[in-house]
Amino acid sequence: MKPIEFEGVKSKNTMAFRHYNPTEMIQGKSMKEHLKFAMSYWHTLCSGLCDMFGEGTLEKTYGKHAPMDIARAKADFGFEFMKNLKIEYYCFHDTDIAPKGDTLGETLENVGVMVEYLAVKQKQTGIKLLWGTADAFSDKMFMAGAATSPSADIFAVTAAKIKTAIDATIKLGGTGYVFWGGREGYDTLLNTDMELELNNLARMLTMARDYGRKAGFKGDFFIEPKPKEPTKHQYDFDTATCIGFLKAHGLDKDFKLNIEANHATLAGHTFRHEIATARINNMLGSIDANQGDMLLGWDTDQFPSDIYEATYCMLELLKAGGLKNGGLNFDAKARRQSNTIKDLYQGYILGMDTYALGIKIADRIIKDGRIDDFVANRYKSYKSGIGQKIVKGETNIEELTKYALDIKHITVESGKQEYLESIINQLMFC
Amino acid sequence: MKPIEFEGVKSKNTMAFRHYNPTEMIQGKSMKEHLKFAMSYWHTLCSGLCDMFGEGTLEKTYGKHAPMDIARAKADFGFEFMKNLKIEYYCFHDTDIAPKGDTLGETLENVGVMVEYLAVKQKQTGIKLLWGTADAFSDKMFMAGAATSPSADIFAVTAAKIKTAIDATIKLGGTGYVFWGGREGYDTLLNTDMELELNNLARMLTMARDYGRKAGFKGDFFIEPKPKEPTKHQYDFDTATCIGFLKAHGLDKDFKLNIEANHATLAGHTFRHEIATARINNMLGSIDANQGDMLLGWDTDQFPSDIYEATYCMLELLKAGGLKNGGLNFDAKARRQSNTIKDLYQGYILGMDTYALGIKIADRIIKDGRIDDFVANRYKSYKSGIGQKIVKGETNIEELTKYALDIKHITVESGKQEYLESIINQLMFC
Amino acid sequence: MKPIEFEGVKSKNTMAFRHYNPTEMIQGKSMKEHLKFAMSYWHTLCSGLCDMFGEGTLEKTYGKHAPMDIARAKADFGFEFMKNLKIEYYCFHDTDIAPKGDTLGETLENVGVMVEYLAVKQKQTGIKLLWGTADAFSDKMFMAGAATSPSADIFAVTAAKIKTAIDATIKLGGTGYVFWGGREGYDTLLNTDMELELNNLARMLTMARDYGRKAGFKGDFFIEPKPKEPTKHQYDFDTATCIGFLKAHGLDKDFKLNIEANHATLAGHTFRHEIATARINNMLGSIDANQGDMLLGWDTDQFPSDIYEATYCMLELLKAGGLKNGGLNFDAKARRQSNTIKDLYQGYILGMDTYALGIKIADRIIKDGRIDDFVANRYKSYKSGIGQKIVKGETNIEELTKYALDIKHITVESGKQEYLESIINQLMFC
Amino acid sequence: MKPIEFEGVKSKNTMAFRHYNPTEMIQGKSMKEHLKFAMSYWHTLCSGLCDMFGEGTLEKTYGKHAPMDIARAKADFGFEFMKNLKIEYYCFHDTDIAPKGDTLGETLENVGVMVEYLAVKQKQTGIKLLWGTADAFSDKMFMAGAATSPSADIFAVTAAKIKTAIDATIKLGGTGYVFWGGREGYDTLLNTDMELELNNLARMLTMARDYGRKAGFKGDFFIEPKPKEPTKHQYDFDTATCIGFLKAHGLDKDFKLNIEANHATLAGHTFRHEIATARINNMLGSIDANQGDMLLGWDTDQFPSDIYEATYCMLELLKAGGLKNGGLNFDAKARRQSNTIKDLYQGYILGMDTYALGIKIADRIIKDGRIDDFVANRYKSYKSGIGQKIVKGETNIEELTKYALDIKHITVESGKQEYLESIINQLMFC
């Protein structure tokens, strides 16, 4: 496979970038600094593209048989893949990088071995770890949760896996550590002590934070909200729920959100809404860049292709001043019918170009200024007079009542949604 | 219309109660004390059953023409209706009880006049106000929100309406004051400063709380979550979102949740989930008892008939030790084709019997004990040993890791969902 | 208001067309012949933008008071509006153009008077009627259906309204007559004889067809599928359901489908899927061009702005050889907060430019050829050998079994979804 | 495991039937004749309860290692399981009963061997095959469809598998043969020739029908509708779609519908709606008895526990005069956390009791008569006068118009939904 090059917007080559030009400057930073694209180890290197109704369509054993040989070959392929795509970061679960052993001890040792291997690959290539995480959901022992398991033993195993994954993250220089609560939720309230489970979840996050900080982790902890699947109700339902939970347990200084496009829509929100909610709480951490199918009720994890969504995501990112310890991880898999490695490359190219075009359009929107001006002007009544008193907390309901009774005429200004949507299309297609 | 009487489970009379027997004792309290049924003024006395595609099917002018005459006739009908149904509470918006005047001043005056009228009716009948609220959504001035309006003038008018409605609530002895954020949300982020709007919402709630407390209101303030409709995104999306918001703004001591069945499901949650979430946060306030259609994407506000849902609601209520300042308000309307007053009675009878049967079954479930025992036993590992240390916060991730590495065998106990569902059906149909 | 002019893609004027250039040629036909944009009388001229939670925000009485005066002023405004927007067609319900009288006779007479008025306006302006229809849903008598009403009297009134609307359509030269079954469905099966109702629906369509043909109507009858809202289940659920129904009742030669974007998605289908389904059945008739919100469960009827959707719609249209008796009707309303006439213009400009850009991109996709080539190539095994025998019906299961047992190696070719999506983005953003 | 016995409604034993009493008579037939419960081979004997996020939780290799040994042990267990549960029917896919071989020939031979084995088991136990089917979706070759595959070779392999499964069904005396179009649909229209695919699907069904009839199959062919999952759009979307398709291709005399509860709701319909639609078309064939989660967007295949749903299903069945060649197949799996064989038993007991209680209540509803009377009375205007002329096709739109103009007063009768729902609850809880 030849490295993928930037050929510009006129290129018809689907094995080249048309928009992703790593060193192109936007608002004073290069595209690659803004976007910090990351490869997802699991979908990209491990998933054989099976689904609930059928076997995998693409073998991912890399011509090897012994589990540790497969693990190394997988890493080799992955770093080659990233190099070819000019991707500088990756993300993993412990179970992605190393095979399960016969005992917990062996499993954790395997992780240790592979961390050494990855450290060498990083050094050789300059590729970095964006974030690590522990898979505390695929083993059958986690069927009823990990930190929220009814079994204290399973809670303890979870702790061991998290410790090991945090150690790995520190060792590999990752700037983030993610919690996706795979089975942290319930299937039926009939068998669930939700209060205890939520408290135990907070206890685990607290212990993990304390351990990480003690061990020298300087990055951010991330929670990744998801509303349902695999459990009927996942505790980390959406961004607002997670923020409330983190604040209630004093974790909001160390934790931020890792927001996934498809998880947002499953929760009934737009992707942009979730990012904006994190942003205004100063808790925007990282992005799982993928795309769902709005007519399907499960996480399809498609490569992002919708330029509208990418544009709004980038607009929020630019407003937030960028992602610090986070990046854009492609939590996306090729469709089950895309049964070749070439499809995998094309999936990434599609996704990277989608976001690269998105940030260029977001930049145009900001420079154009009409939308920001409209919004600023819309709320101008809070800049002076009674509005300013409201915002400063210098009035009360009695004063406002008196004021209201004296108003002669209320002006209700148009929200001008169609006008604003026209501007977006103008700036996208120009 | 003759008063509706309790005739018992064998009755085939659809104009009698089969389950609601006000003085029947359950767990040491009478049914009527547990349930505190309330009539919704708006659906019951005002709505003509129009929808977006057609006019009303049931005239609700009570043979009158002048607005204030209609208002009084409406109240007369309502109190008669409640008496006939043995309903002891009601709930209203300012706009339900009194007509809009030509000016804000006139409108508020009309409210004042009708509050006097209602006070007399209450005295005559013993019927009480459960909660009051201000309608800050139907007037076109609120099209972009009330406390979250882009206009400070409209914020002020909202304050005036809230003050008046709080005054009315106090005057009429209401134990709750509800905020349903009718238009507190957005239709598009393109025209919205979400951060300012959310802060303004908190400011209004704070001012309302401060005013109410100063004016002598001893009851609870309630937030009523709803995820969408009429705005695309309503800020009070669900219980978890509201709790997080209230805590972040220091309002969680004065505010509780008013949970509506149909709003729960629109947010992707079961009714029970929302009540349980409020309960474990000690913020369960009141219930809007209705029912949605799970295949429809809007708030259908049907009279509750599903005994499963009612049972789970009642189970949570009994676990929470009951509603203190809240009750069960039927935020439900007869179907548009149910175009007679008799249908309205039958809707209420259906709803009241549904909850009465629900509480009887919930009581059976608690007395049966198998479900509670199963849950208690499932989490017993947190009662001693390492589990107890986890719960008490006396361990850390390193100790847990050591412990985990020593575990010889992990037991993963069945969640037994089918067994538990069998018990529910046993206790429902016995 | 000045007429809206085409200013080209570089224009930043939101009161000008950037893409809709009526006389620009695409595949041998002008844009205006392809698109045949039509104004929806109801949303555009009648709707005051109320919703279920609040009053209208934009007065549409045109400074008049008497119902017939309003009706004429409405028509005057509408024709001026169309002229300004270079729209050459319109669509109406009987109730849009003329006020209800005290009796059915009066109501139908009012329609007759307004048809004369519209005929004159058409002559003066060159504007034409695209299609007419009867509103058999908004009057309370239709609460349980019109052709599917439990009352034969209401069935008869429906017939009278349909006859009048067909007469009006013929008189005004409309090339289509639409059936949207507003209340043809049910709210609960508990009170419904679905079999009788469906048969009565077929009876009405048959009688209407027979009458129309006898009266000289040469155009197409259109069914407009919608799955739910206002009734819980609408009989004309989606395109496949309607086609099956029309074929079963021998109506498929006279009837085609009028497909609405937002109705498609409410039924769980993409807009493109519905159009393609009609196309391959030779039953694509007309388009209700609007857009829904994929996170909301009701018909939002927004002005179309999504270029992806418009492109796929246009691609299907070009493949179908265009709409003959149909056109693109904007069944869309300005958002409730868009409370000015200028917003209404901007809504139409947005919608028209969206489809104009859509058809330009669709044309590019066809000329580029890569997507069509991929599909043709993918199915090439049906062009010869066993595949050809399958398609020609010249084989059977025994022969195929023998053939299958002899296959040495099965090739499973990639579906290349990511590649194809890349091409779409290339051709959209170039 | 001891056989499960009927102990009656007072029993608290969750390992006994409380409602399913096989020989109890209802409307002149025994419960077991009405219900014809069938075991699903796949979920019950094969599924290890894995999901997309984790491994299986319950081993189903029955202590064996060699594939054919497992296959036999599986059958042994299955027949024992059915005997214990008093289940007299089962259903299977070819791949459930026999392991895949190295070649298609070997695979089909394995099926043949196991068919012999099953024939013996049937003889020994009296247990019968309800229906058979071919799995043309799990092998990766079917990733783009089977009868709708872009490859004619794969179409041929599908034919071979169907022939073998039909042969097996005939040999084992099955009265039904099912088509569930696992991958008969598309993931994106960008790569799909929907017209060719639909025609090929019809060709396959036609060839299968012709082969089956020639080979002596006297039973019914069944189509099982499902709207989405695994493909984005499944061609057999819902009952109405399938009926239209079957009629268009002249297959409606040989084919009926196999309706699944959870597939109905995924398509936006109630289970009852789908059954009623099949019933009024005389195409109700068989039932896949399970239950979905209305808040989740995928097929959860839960054991049925909702008595409302079971009652409505049974009401339709009784109205249809029963299932002839079909039965009630539990297409249901224990929850992933229900990781024991005892849970599997309890799942079946739950499901069987749910339907047994459902048919008892349905019988009560019919005997009570109030609901049927209400419906009959509601449509009485079609029994005489103008209504009768409408139904007999003896009138036309002109006559109806004249009639309508003479109506003095239109009566619009209440739909009485709340009243009818009250009656249902009365008859359920009495």
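A, B, C and D are the chain letters, set down in written order, and residue numbers restart from 1 in every chain.
What we mean here is this: a contact is a pair of C-beta atoms (placed from the backbone, for glycine too) under 8 Å apart; a residue touches a chain by one contact, two chains touch by 3 or more.
Treat the numbers as computed from the prediction; the structure is a model and nothing was measured.
Peer 1: Going by the contact rule set out at the top, which chains touch both subunit A and subunit D?
Peer 2: B, C
Peer 1: Could you see whether B-C or B-D has the larger number of C-beta contact pairs?
Peer 2: Of the two interfaces, B-C and B-D, more C-beta pairs touch across B-D.
Peer 1: Please work out the Cα centroid separation of subunit A and subunit B, and write it as a whole number of Å.
Peer 2: Whole-Å distance between the two chain centres: 35.
Peer 1: Provide the C-alpha centroid distance between subunit B and subunit D, rounded to the nearest whole angstrom.
Peer 2: Each chain reduced to its C-alpha mean, subunit B and subunit D end up 39 Å apart.
Peer 1: By the touch rule stated above, which residues of subunit A touch at least two different other chains?
Peer 2: Residues 57, 140, 143-144, 187-188, 191, 228, 268-270, 295, 335, 337, 339, 412, 415-417, 421, 424 of subunit A touch two or more partner chains.
Peer 1: Under the stated contact criterion, what part of subunit B meets subunit D in this complex?
Peer 2: Touching subunit D: residues 9-10, 12, 14, 18-19, 57, 265, 268-270, 294-295, 303, 305-308, 334-335, 337-340, 342-343, 346-347, 349-350, 353-354, 357, 412, 414-419, 421-426, 428-430 of subunit B.
Peer 1: Going by the contact rule at the top, pick out the subunit D residues touching subunit A in the complex.
Peer 2: Spelled out, the residues of subunit D in touch with subunit A are 51-57, 137-140, 142-144, 182-183, 187-188, 191, 228-230, 232, 266, 293, 295-298, 335-337, 339.
Peer 1: Under the definition above, what is the set of subunit B residues touching subunit A in their complex?
Peer 2: Within the complex, subunit B contacts subunit A at residues 104-105, 108, 140-141, 143-144, 150-157, 159-160, 162-164, 187-196, 198-200, 203, 207-208, 210-211, 227-228, 233, 237-238, 240-241, 243-245, 247-248, 267-270, 272-273, 276-277, 280, 312, 371, 374-375, 378-379, 381-382, 385-387, 390-391, 393, 395-398, 400-401, 403-405, 407, 410-413, 415-417, 420-421, 424.
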